[in-house]
Each structure stands twice: as C-alpha cells, then as structure tokens.
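Heads up, the next two complexes both have subunit A, just with different partners, subunit B and then subunit C.
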Partner chain A sequence: MANSFSEPARWRDLDKLLARCGNIVGPGFEPSPQLRQEIGEFARVLVVGAGGLGCELLKDLALSGFPNIDVIDMDTIEISNLNRQFLFRLQDVGKSKAEVAAKRVMERVSGVNITPHFCRIEEKEIDFYNDFNIIVLGLDSIEARSYINSVACSFLEYDSDDNPIPETIKPMVDGGTEGFKGHARVILPGMTPCFECNIWLFPPQIKFPLCTLAETPRTPAHCIEYAHLIKWDEAHSGKTFEPDDPQHMQWVYTEAVKRAELFGIAGVTYSLTQGVVKNIIPAIASTNAIISASCALEALKIVSGCSKTLSNYMTYNGVEGTHIKVTEFVREKDCLVCGPGTRIDLDTSTTVSQFIEILGEHPKLLLSKPSITHRGNNIYMQSPPILEEMTRSNLQQPLYYLMGKVRKDTVHVSGMAENNGKKSSSLRKLCVVFKGIAAADVATQMDTAGNF
Partner chain B sequence: MINLFKIKDKKNQDAESANGRPPIKKQSAGELRLHKDISELNLPKTTTISFLNGKDDLMNFEISIRPDEGYYQGGTFMFTFLVPSSYPHEPPKVKCKTKVYHPNIDLEGNVCLNILREDWKPVLNINTIIYGLNHLFTQPNHEDPLNHDAAAVLRDNPRLFETNVRRAMAGGYVGQVHFPRCI
Partner chain C sequence: MAAESKTKYDRQLRIWGDQGQTELEKASVCLLNCGPTGSEALKNLVLGGVGSITVVDGTKVEKHDLGNNFLLDEVSLGQSKAKCVCAFLQELNDAVKAKFVEESPEALIERNPSFFSPFTLVIATQLLEISLLKLDKICRQSNVMLLVARSYGLTGLVRICLKEHDVVESKPEHFVDDLRLHNPWPELKEFAKTMDLNVTDPVVHKHIPYIVILIHVAEKWADGHGGCLPTTRQEKKEFKDLIKGYMINMDEENYKEAIESSYKVSLPHGISSQLRQIINDNNAAEVNSASPDFWILVASLKEFIENEGAGEPPLEGSIPDMTSLTEYYISLQRIYQAKFESDCLAIEHRVRTILKRIGRDPDSISRAFIKNFCKNTRKLTVCRYRPLEDELISPAISELQKYMTDEDFSFSVSFYILLRAVDRFTANYNRFPGLFDNEMEEDISRLKTIAVGVLSDSGLHGSTLAEDLINEMCRYGGAEIHPVAAFIGGVASQEAIKLITKQFVPLNGTLVFNGIDQKSQVLAV
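Moving on, here comes the complex of A and B:
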C-alpha cells in the first residue's frame, strides 16, 4: 500500500506544485522533490465531522497527498444522509460515520491511513488535538466550531512582545455549507481572526414569537414549532424532546399536521418537520464538493507553503449563477480567545485580595471591582451577593494555590475599566505568570500531588 | 505556514513540556460573557437569584420574582434559566416553574417575552431578561397571548381578571384549572 503512495505517476500534478518555485508561493517556501514525502511523514491532519462536508474532505485530503488523517464524529449514519454523504451505503445505516468513512476512503485510496474516532469532540483530552499539525472543520454547528476554536487557540503562546510564537500556532481550515451557499476560511490563531473574533458572521437562528405559534400560525413552520415547543411539553410533562429520536420526531410531525389542518395551512411534511426542529437547511452535494475542494487546497497550502493562503474568508453563493468573494477580516484586538491577554507577574504568595489591588493599579488595566474566573473556577465574584459570599473566603488565599499551582495560565476578569477617562464595564484576558518557578519544578510538584 | 522541520524538532520538546501543562478545563467565550453578565447583575429588589449547582456553574440558575405592585403583588414566581454554550449568540432558555394564571405565560411555563426569542440580540444580557420578566408581572399584555383564556378575560373584564389572579395565587381553581398557592 505504502508503495503506491510513493508512486510518482500518481502524484505528477502535486509534485509540480511542491517541487517548483513560482512567484505566488508562500513566504519561506522551499520547493523540493522530497516535500511530498516529508508531508506524508510528518503532517497529521484532523478532520472534524464526517457528514456531507466531512466525506468530501476525507476524499480530497487523501487524494491531495495527506496519508495520515484522523476523523472525529459522534454521529451514526441515517438513511437521509445517503444522497450526498457518498461514502455511505444502505447497509451502513446505524453505523458510525467516522468509522465507515475512514474504511471507505482507505479502500479506495491506497497508501492512506485514516484513524476514526467515534465520539464527541469534548470527550477527547485537549492534548489529543495538539498532536495534529492542522485541523480541518466540516461542521454544521456554531457550538462545535466554537469549541474546536477555543481548543486550538489554547495552544497558542505569545512572546514578551505579544507576537505569536510560530510553533504554537495550530492552523484551522473551516468549511461550512447551507443549501447553495458556503464558506471556507483559514484561521491561523494569533495571526488571522479566530472563529470568536468574527462570530457575528453567523446570523442567529430565526425564532418565531411563542404567542404567534400559540395564537396566529400562518406557515407550516409555525405549526411545527407549535408542536415542538408548546404541545410537546403539554403532552409529556417533564420528558425532554430528543431531536434524534425518530419516535419523538414522528410525534411532533403528527401534531403539526393536526395543527395545520385546524388552521387550513398546507405543506407540513416529515422532512420539513426535521428541518425546522433541527434547523437544517437542505444540503446540496455540489456545494459540499466546492467548499471541500477549497478547504483541502488551503490545507495543502498551509502545510507546504506552495502558495499563499486564502486571506482569509471565502464565501460561495450558487443560488443564482455563481458568486465567489474573498474578504479579509481583521482580528478583534482584545479577543478573549485568541488575544495575548495582559501579562501579570505575581509571587506565589500573592493572595486574591492583593491580586485585586494589583489589577486596580496596573497601568494597562486600571480595573476596579474585578470578578475573577480561571478555567470555569470562579475565584471571586463581586456580585450577586450570594456568589460574593460563596467566594469571599478565597480573598485571603494565594492565587497560586487556587489556580492549581501552575506556573503560567490564562485568567479572565470582568470589572470596571478606565477607557479614555471613562469607566466602562469590561471583560479582560490576563496571562498570569508566577515568579521563580521553572517548568521542571511544576512537573515535580504535580507528581508529588498525585502521590497523596 | 507550517515549517515541517520545526515540527520534527518540536516532537521532542513536546514530551518535556507536556508534564508541566495543567489539566485543562475549557471555558467557552459564552461562559466568559455569562461570567461578566452575572458579576454585573443589578437585580431589582423584587428579585433574588440562586445557583443550584454551586459557584462554578453559572449556566443553570433560578430566579424568584415577588412583584411589589400590580395584579400579581405578593405572589412568588420561580423561573429557571438554562444558558446555552452559544450564549450570547443564542438567548437563554427561560421557563416559569410556578404555575401561573397569566396571559403571556402558559400552563407549561412557556413565556412569551420578545427578547427571549425573536428580538434577542447579543448586546442584551441576563439583567435585561430579568427586567423583562418583572415587566410581565406589572404589565401583563393581552395582545401576545399564550394563555388564550386569561388574555381574553384581561381584555374584556379587567376586574374579573384581577379576581382570577388572586384566586389562582391563593391556591384555587380558575375554570377547570387548579393553581397551587404561591403567596
């Protein structure tokens, strides 16, 4: 198998890109006949999502010279996927998307090794993600994108001049499609905007007023949402609606049909019910193919440097004709996820109340009344009184202990900051470094802690 | 651009530095924004808040509203908040846990408040919602009905509406529906 991957004829076109110089190559590109081999040896790609876009991505990446790919997806194959998720067959219904997709691509593309992970993205340790050189996203939810983005940005470190340290940048390529529209973007944390910097690009889901649903339904979607949001609770006291349970979906559909008949509204179907409840826009196979091709190419460009990467957001619209536009978005200067944060050096003995004083006097912050949180642990809350009371005892504790004795970590504080002489409420990212602790000491301390 | 040769070198360094890395729990941008919202809460005097899962879970909490004027004066109404990880992109899910005779709250606890659904914007915050909920008790509105019967009574016979509200809050029947006491 490995032999055919090194078979030169098959890679003629790719080798032309990688072995020759040109005037639109990326900075630092060193063309070489061995480059393809080196990518094969050292580059590890993670594909997140094995749905419509994920199937295309796996195929495209495997054919673009990436022999070491992992894919993660928690979903199983449904019959309605088969029209576009072309790696799946009727007999695969009910099996893991990641596992079947990996197997099919390996059968078809010799020399490629795809490792499937049939689980939720949150189930993996953070270090799992650090093993990859590049993460390619074929997802359909904001939550999942936001999660992977925060993971990838958590590896990012800045030097003392707030410049990102290149080895810590975890590049991402994000694809997304909705019907005839799609996007591909390149995220180089610390250099180009991260997902959170431009989250406003994703419009919130349209929500109908509940009273319209209850009183004056006018569309099939109103009838479906009535059954889903109001009727379900009435009929199933306390039982949560599971969108992935076909019986639940069937129940909502049946109720929506009754509702529609009552108001003389036509057009409620089972697939529309699924679409409205799960907020699905019908997927178009060709949109997935176009977006995936662009993402795979960007991945190759990032890894090899054979061309400049997309800067940094490409939108595709195939609704009427074809319209493609590239926009260079800019970073959010104080992004809580990808920004460097303000560096603060503390002694290991500094207590939380001393830390609060330091925040108030720090020239870059001038932050008064700060509430402090560290990785989901609320160290001190100014308000409401009930939380202030619950966190008050931390004030006299050394911050170093409360942060789990790490040498350096991110802490977030919200409070009143002075901006051009005006006080305004703000949320700040801080990079707290404890003085006089070498990385090795921390390792020893943690080992000791583990022995208790 | 990835420098492949640096990647080769880095493999060794990683083995060293991984020991010193703390166990990481992710805090999403949504959780951070919520942390800010909660730490800046300025509750009206009618409202108290409680965090059932302790100080570190701000995504699930309850508020109780005890209106000090209007039809619902003297009653205590509990609401649960479930804040999604996509907050503030998406609004919290709010339900009324106290069964209430109210034109804009149905018997299952669904609440018709525009900023909880169609008019939600990320610049709004938890405080805005709490004030909105308080407003529902001082200004129940028959134009956005979720409880059709209550809305019709409020529109056509405010005095009867007031009687019905008092009866429901004291723990009694309005029509066929029984309401537990909430005074």
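Moving on, here comes the complex of A and C:
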C-alpha cells in the first residue's frame, strides 16, 4: 500500500503533465517518468488551516502527487462546518480538525502520509516551518496570514548586492473566500509581493462608534453591539464574554431585543446576533473548492515546473455573472517583512539589553518582549523559562561578540509588535550593522560564544 | 427547518436564506459521468443539501481513477463507478436522496431522451460535442436546465444551456440605494420641512440625517436654478460647497455623509436601460394563461411605471444606515416603508386584474412573492442562452475575432477552438490526440489540421493558433488532472446553486479555464 505512489497506472493522468515536455512550462522543468516519484521523495508541503479551504487543499494536494503533507490547525470541528468541510462527519464534532482531516485523506488516498499538528501556529518553533518546500495557506484571519508570511520571509536571505538568494525563498500559496468570492495568490518572498506588501487589499473591519451604540442606535446590529460591548461589562463585572458559550450568546441576544424594543428598531434575531458578535463570514462548499483547487494547482506547478505559474493574484467573483481576474501586484520597496531587513546601526559595545530597548523604541518596529536569534542560535529567549534562564546571562554581553564579531548580519526577533494601537505577535528580520568596522574586517572567524 | 439543519447550513443560509435552501432541497440533479470533474461538482451540492441526485456512468473503476478521484478508493476497483461515487456522496449527507444508474450517458441520450425530463438540472461532464448537441435539444424541450463541464489537461470549460432564466433576487454587491432624492414624494418632503438645518442645538444639528439635508439643499439649489438640479461637474462642486456652508464644524459626520452622497440628487429620473428592455420584452407584452409568474409581474410592473409610478419603478423601501438621532431615522424608515407598501399594493392590484383577465385564479400569486418582486424591480435579470447548435453553426464572428487579437483573451479563445478540435479528432480517431507517446508528432499535425478547419468553419479564415498550444493539447492527451477537475467541478456547482436557488446572476457565456497562468475568461460566442 505504502508504495502506491510508485504505481504508474494509478497516476496515468498526472504523469501526462509530469513526464511529457511542453513549451509553456516553468524554468528548470525536467519532464521524466520519474519526476512524480522524485517530487514524492523530496517535496514536503505544509497546509496551514484544516477548515473549508484546508480540507479541500489536503485532498487536492494528495491527488496532485504530494505524498508528504503536514497540516496545522488549532480548531475543533463544529456542526456549522459540515456544509463544506467534507472530511468531517457529525460524530467528529469536538475533535481536532487537523487530526480528523489527516486521517480521512490517508484512508482514501493510499500511500499518502499526512502529519497533523493540533496547535496554534505560534506554538511551533520557527525552524519547524523551514522544513517545508512550500507552504499553502487556507486561513480566514489576517493575523494568521501575516504571521506565517513573516515566518516564511524570515528564511529569506539577501546577498551583498541585496538580491534574494534563490535557495532561501520559501514559496507560499494563499487562498481566501467569502460567499461567492475568493482569491488565490502566489508569494515568492523577495521576488513577488509578500502578504505585508499588499496588506491594504484587506480593508480593516468597520467598527461602530461607541456613541452611536450608546446614544443613537438605528440598526439591529447597533443594538447587538451595545449588548455585547457595553451592557455585558456593566452586568458581569470582570467576566469575559465567550462567543462560543451559548448562554452568553443568548444573554446578548435577549439584551439586544430589549434595547431594540426600547428604540422601536426591528430585525434583531439570534442568527444576526451570532453573525455580528462573531463576525461570521458566510462560506460555501463550491467557492472553497474553486479557490483550493487553484492553490493546489499552483503548488504543483511551483514544485514541478510543469507549467507557468500565476503571477501573482487571482480573484474569483461569482456574484453577478462569473468573473476571473489576474492582477500582477508589485513589491513594496521598503517592506519590513520581505525586504533585506530593517537596518539597525549599533555600536560594538551595545549590550543585548540595550538592543532590546532600541527595538521597543524603534518607530518602525515598536517591538516589546523580543526573543532574539542569530543564524539559528539563541541570543536571548523570553520563553520557555528554562531557555530564558540559560540566555539571561547574555543580556549584559555586547551583541557584537555574541554575533561572532561580524560587521553586518541578519538577526531575527520575535515579540509583540504594535500596529494601529493593536498588539500582535510578529517576527521581524533586522539587518544589524556595527559602526566603525571596516568591511575588510568581516573575515573574522565565527565565534559562537554564549550561544545555546 | 430542524434546529440541527439550521446550524449545519448556517454559513450558507446567510447567503441564500431559507427560501434559497428550500429551492435547493426541492431540486433533483442528474450527473452524467462521475469522473473527478462530475464527482467534485456533485460533492459540493450534496454538502449544501440538494434534494436528490442521480449519478449516471457506465464504466467500472480502474487504477487510474484512484489517482484523480477522491470519491473512489482501493475497494472500488472493478465495481461500477456510479455506484461507488453515489455511496460516498450519500455518506457526506444523509438528508440527500442518492441514486445511481449504471449506463453510458451517450446511450441514454441516444435511446431514452425522456429519462432527463424529471430533473431540475442535468450536469453533463466530459461529454463530446456530438452528444451535447443532442442533450441540449432534449433538455430545452423538457425545460430542464443543463450545465456543461469539461476538464482537459490544464484547460476546461463550463457553460449553461437553457432557454431562459429569470432572476428576481440578483443580489448585486454594489447598487445605489433607491432614495428618490432627485424626486422626493410629498410625505418625504413634508417630513424634511419639519427639520431646520439652522437649528441652534449642536447635538440636533449634527444628527439630522443626510437624506433631509440633501432634500433641503436640493430645494434651495432648484430655487436658484430655475427648478433644475446640478448636472455639470462645476455645478456639482458648487452644490457640495452649498452643503458645506451649513456645517457648524468640520467633523459633523452627517454633513460629510451628505457631501459624499450628494450625487444622489442628480441621478437620472426613470428606469435603467436594462429594466426598460425587460418591461418591453415580448413575454411581458402578451401574457396569457401559460405565462410564467415572473412575466405576469413584469407586465404589472410595466403598467405601474406607465401609470401610478409616473415613469418610476416601485420604491424599494429600505434606507442605508446614516448618522442620525434614532427617532429621525426610524421616522424616515417608516416613510420609505409606507411608500413601498402603497406601491406594492398598486402592483398587487394590477397582478390580480391581469390574472383574472387571462383566466387564472387572481390569488394564485402570493403577496409575499409580489412584495419580494417589488423590492427587487431595479435588479431584475433575464438570462437567455442560445442553442448549442446555433453557436456551432453561426458563432458570433465579430466577438471571436476580437478575442483572437486581444492578448488577454488569446489563450482562452485558442483553448475554446482547440477543445472543439479535440472533439472532432476524437470522433474521427476514437481516441484523444496525444493519448500515445509514439504517435505524438502525427497527432500534433492532425490536430492542427482539424483546428484550422474549426477556425474556418467559425468564420475565422486566416487566423492561426499558437503552435505551443496545439502541442499542449496533445501533451494533455485527455488527462483529467485532479485540481483542474476540482476547479471546473467547483465552478459548475456554484453555477448550479445560482440556477437552482434563482438568486444571483449565473455565468453568461462560456467560461474557458486557463490553468497555465490562471487568466481564465468568459467568452460570449
């Protein structure tokens, strides 16, 4: 069973693409009857998210000749997933999405090996993500996309002329849907715009002004948000509102109905209450299938070279007729995430704790509680406690020594970054340059003192 | 609907509502050929809770099916493909009635055309032109909707075949609200008069809804301009300045909203050309006892516009949220709602009169249906698709020529021609071009010759197709690649949903998938 990936009869159709030459193909495409097997041996794919897109992606990738797949998702299965997340059944409700999805696909496509990770994406070491040849994103949150993007971009290295070094490019394919609409995009960090370069494509969610909620409500949503954001805290001192607790939701609904009656506003329903409070994005099977298929096809083309690839953003809109559009976005020249790194000039005497202060005050970074690594070595780690203790003595050491006395190098810092008043975990790449060191002195030998 | 179904279908009910779901659960869908393209299309409909499905396929499961069809597994080898696919689909949703017929679709089309008449929709996948031509005729005759889906290597297509599809709830994303600021009715004017833009209370001043602000300012403007509203760019700018003049300070949201919405006072009177075309359609001019309800309503709408409406359609009755005191906003809502109700009543009266005249029960169209129609008159959409045979015999040459020379369309139109050439090749040689490695060179030149024939039959004499694409078609050798099939099947299922729920606007041409750089296009040929 395990070697069903080597059965040519099974892969008759896919092999037409992989074994035959063509004139409209990617760079370095070397068609051969063995190509599929070679891909199977070297290619590792990570699917981020095992929801509407993730379920489809796992199926599509398994049937596109990728036998080694990992999938990561922190969520458990809910009843409202079943209208589209086809790998789940009613009896699976409450179980890990990643685990059930991996099991179902392995049951049906013999020879495929899917490793599930039932955890938050931030829980994994950064190096975990470096093991994959390609990362495919099936997410519904901007924050999670942003995080994975920053991780993938952190592997990117530039040469001395600030050109990206090809072996360090970690390709990503990202999909997203809402109702009858969706997008698929290819991100080759350093070559094509990264998620952060075009962050404006995702407009911020509109929030109602508090005075409208408190004084001049007009719509059912205003009444619901009043109950959710104002009344809840008044009535439950200190108790946080849990959107997944049906009793909490019922309370908000009841309060919203009362408020609506008081002001003569019609239209508060339980379903609308859930929609407003949880910011529910409508989702259907067909759109997820279309977008995932598009992403999986791009992954196959990127890894095998069997055809050109999408350059670099496709939108699908089935609301009024059916429209497919490809846009070639350009990189943001000074992108903090995929560029050569935010340049920081330091004295050779700057200690790690001084460096940490600089990170917190740097206007482009505003990074608090940072953990710092240099070429895979821990300079200072905030957690877990054991690592913090081991690296604590470095705080008073000059960074220059800990970095092996190089004039200029890349340093990765992860911590909480402030963005528009909102804090989120972020990974940043810095280009640290020590002042007063001539370029000729760079050849100093690597001294790894103080690294763990 | 049961509570569990409500929860299970929650994310889609937020799109098409209970009404759409009811239509879906009433629908019976027939799938022809359950390879990956068809299986994926049906999977998406079964998940959504389509009423019943019938899977038609005459083949047995072979090894190569396991490499591209998720609905089949090791155990299925040697068994009926239709039976195995059907069993897996049933596992996805036990509310769906799933059946299978182990027979070749071609044979059914040939020998048993009446087989298709009980279905709401037929999804025909991987069928050749020759069978599709017959199937299109059969489905048109029995008023069954037909969706055609095909995946082929890195290309494929989806198209709709039916006589006419009428949409009341087209639910466009962007549509200008129907506020009648260019032509306010007496009750609205009266209400606006009760408010003073020069009110001294600052809280009241910054909570006058922009509808009222615009009515006041428009009246003032008209007084100074011989009863006309601003039309030129310069006038529109001056109009905005006039609004600004009323602001006490620059952060009054209601005035900002008024400036942003000021173009609404200059909107053209009357109905859009799209709606004009619909009310002037022959179907509305000659309603009789056999007319569909939709056209009886259009006929009533036409009478309304020509009489009570004085050139305008019934008011939609809803207003967007805007900065306002609660009581002002609620009063405005009531005024718009009351006008909507009275317009509805007038239409309803006309509907009942027409029904009586054509010999139908005057109450045979429900009030709820009429109201929903009135809410959507500006968004009515009628889609017509000409017979497949017409397209093949007399394609829209000017469109084709335009596509051939447009860089954005050149791959898609070439694939369109080449897919037709592949069908002719297959009819001649009884196999796909490029099926065997050792005949590749011959097949490329054979397919090229046939494609030149398709081009000249389509009126495109002298046009040429890129050699690279002819090579590509032969390279594909009829392969059904899973992600391509999932894409095509996904599009087919989304179109099926739109057709069955009678909501949103379906595909209005042939969607040609371009898996090379994803620049797919919809061709109107």
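Heads up, the rule we're going with is that the second predicted complex is superposed on the first by the 336 of 452 C-alpha atoms of A that agree within 3 Å, B and C clash if a C-alpha of one lies under 4 Å from a C-alpha of the other, contacts with A are read in each partner's own complex, and residues count from 1 in each chain.
Quick note on the criterion: a contact is a pair of C-beta atoms (placed from the backbone, for glycine too) under 8 Å apart; a residue touches a chain by one contact, two chains touch by 3 or more.
Just so you know, these numbers come straight off a predicted model, no measurement behind them.
S.K.: Should A:Tyr147 be classified as contacting the first partner (subunit B), the second (subunit C), both, or neither?
M.R.: first
S.K.: Which holds for A:Val433: it touches subunit B only (first), subunit C only (second), both, or neither?
M.R.: In the superposition, A:Val433 touches no partner, neither subunit B nor subunit C.
S.K.: Which holds for A:Asn377: it touches subunit B only (first), subunit C only (second), both, or neither?
M.R.: first
S.K.: Could you tell me if A:Ile358 is touching subunit B, subunit C, both of them or neither one (first, second, both, neither)?
M.R.: Neither partner.
S.K.: For A:Leu210, is the partner it touches subunit B (first), subunit C (second), both, or none of the two (neither)?
M.R.: So A:Leu210 only meets subunit B here.
S.K.: Do subunit B and subunit C land on any of the same subunit A residues, and which?
M.R.: After superposing on chain A, subunit A residues 309 contact both subunit B and subunit C.
S.K.: List the residues on subunit A that touch subunit C in their complex, please.
M.R.: Spelled out, the residues of subunit A in touch with subunit C are 1, 4, 7, 9-14, 16-17, 20-24, 56, 59-60, 62-64, 79-80, 82-84, 86, 89, 107-110, 179-180, 184, 212, 216-219, 263-265, 271, 274-275, 280-290, 292-294, 296-298, 300, 307-311, 314, 318-324, 326.
S.K.: What residues on subunit A touch subunit B, complex-wise?
M.R.: Residue list for subunit A touching subunit B: 26-29, 38-39, 42-43, 126-127, 130, 133-134, 142-143, 146-147, 150-151, 154, 166-167, 171, 196, 199-200, 202, 204-211, 214-215, 229-230, 233-234, 302-303, 305, 309, 336-337, 371, 373, 375-378, 381-384, 386-387, 390-391, 404, 406-407, 409, 412, 414-415, 425, 427, 439-440, 442-443, 446.
S.K.: Where on subunit C is subunit A touching in the complex?
M.R.: Touch list, subunit C to subunit A: 4, 7-15, 36, 40, 43-45, 47-49, 62-64, 66-70, 73-74, 91-92, 153-154, 170-173, 207, 321-326, 329-330, 434, 437, 467-469, 471-472, 475-477, 479-487, 489-491, 493-495, 497-498, 504-508, 511, 515-522.
S.K.: Which positions of subunit B touch subunit A when the two form their complex?
M.R.: 1-4, 6-8, 10, 14, 16-33, 35-36, 38-43, 48-51, 54-56, 58, 84-86, 89-90, 104, 106-112, 114, 117-118, 120, 122, 144-146, 148
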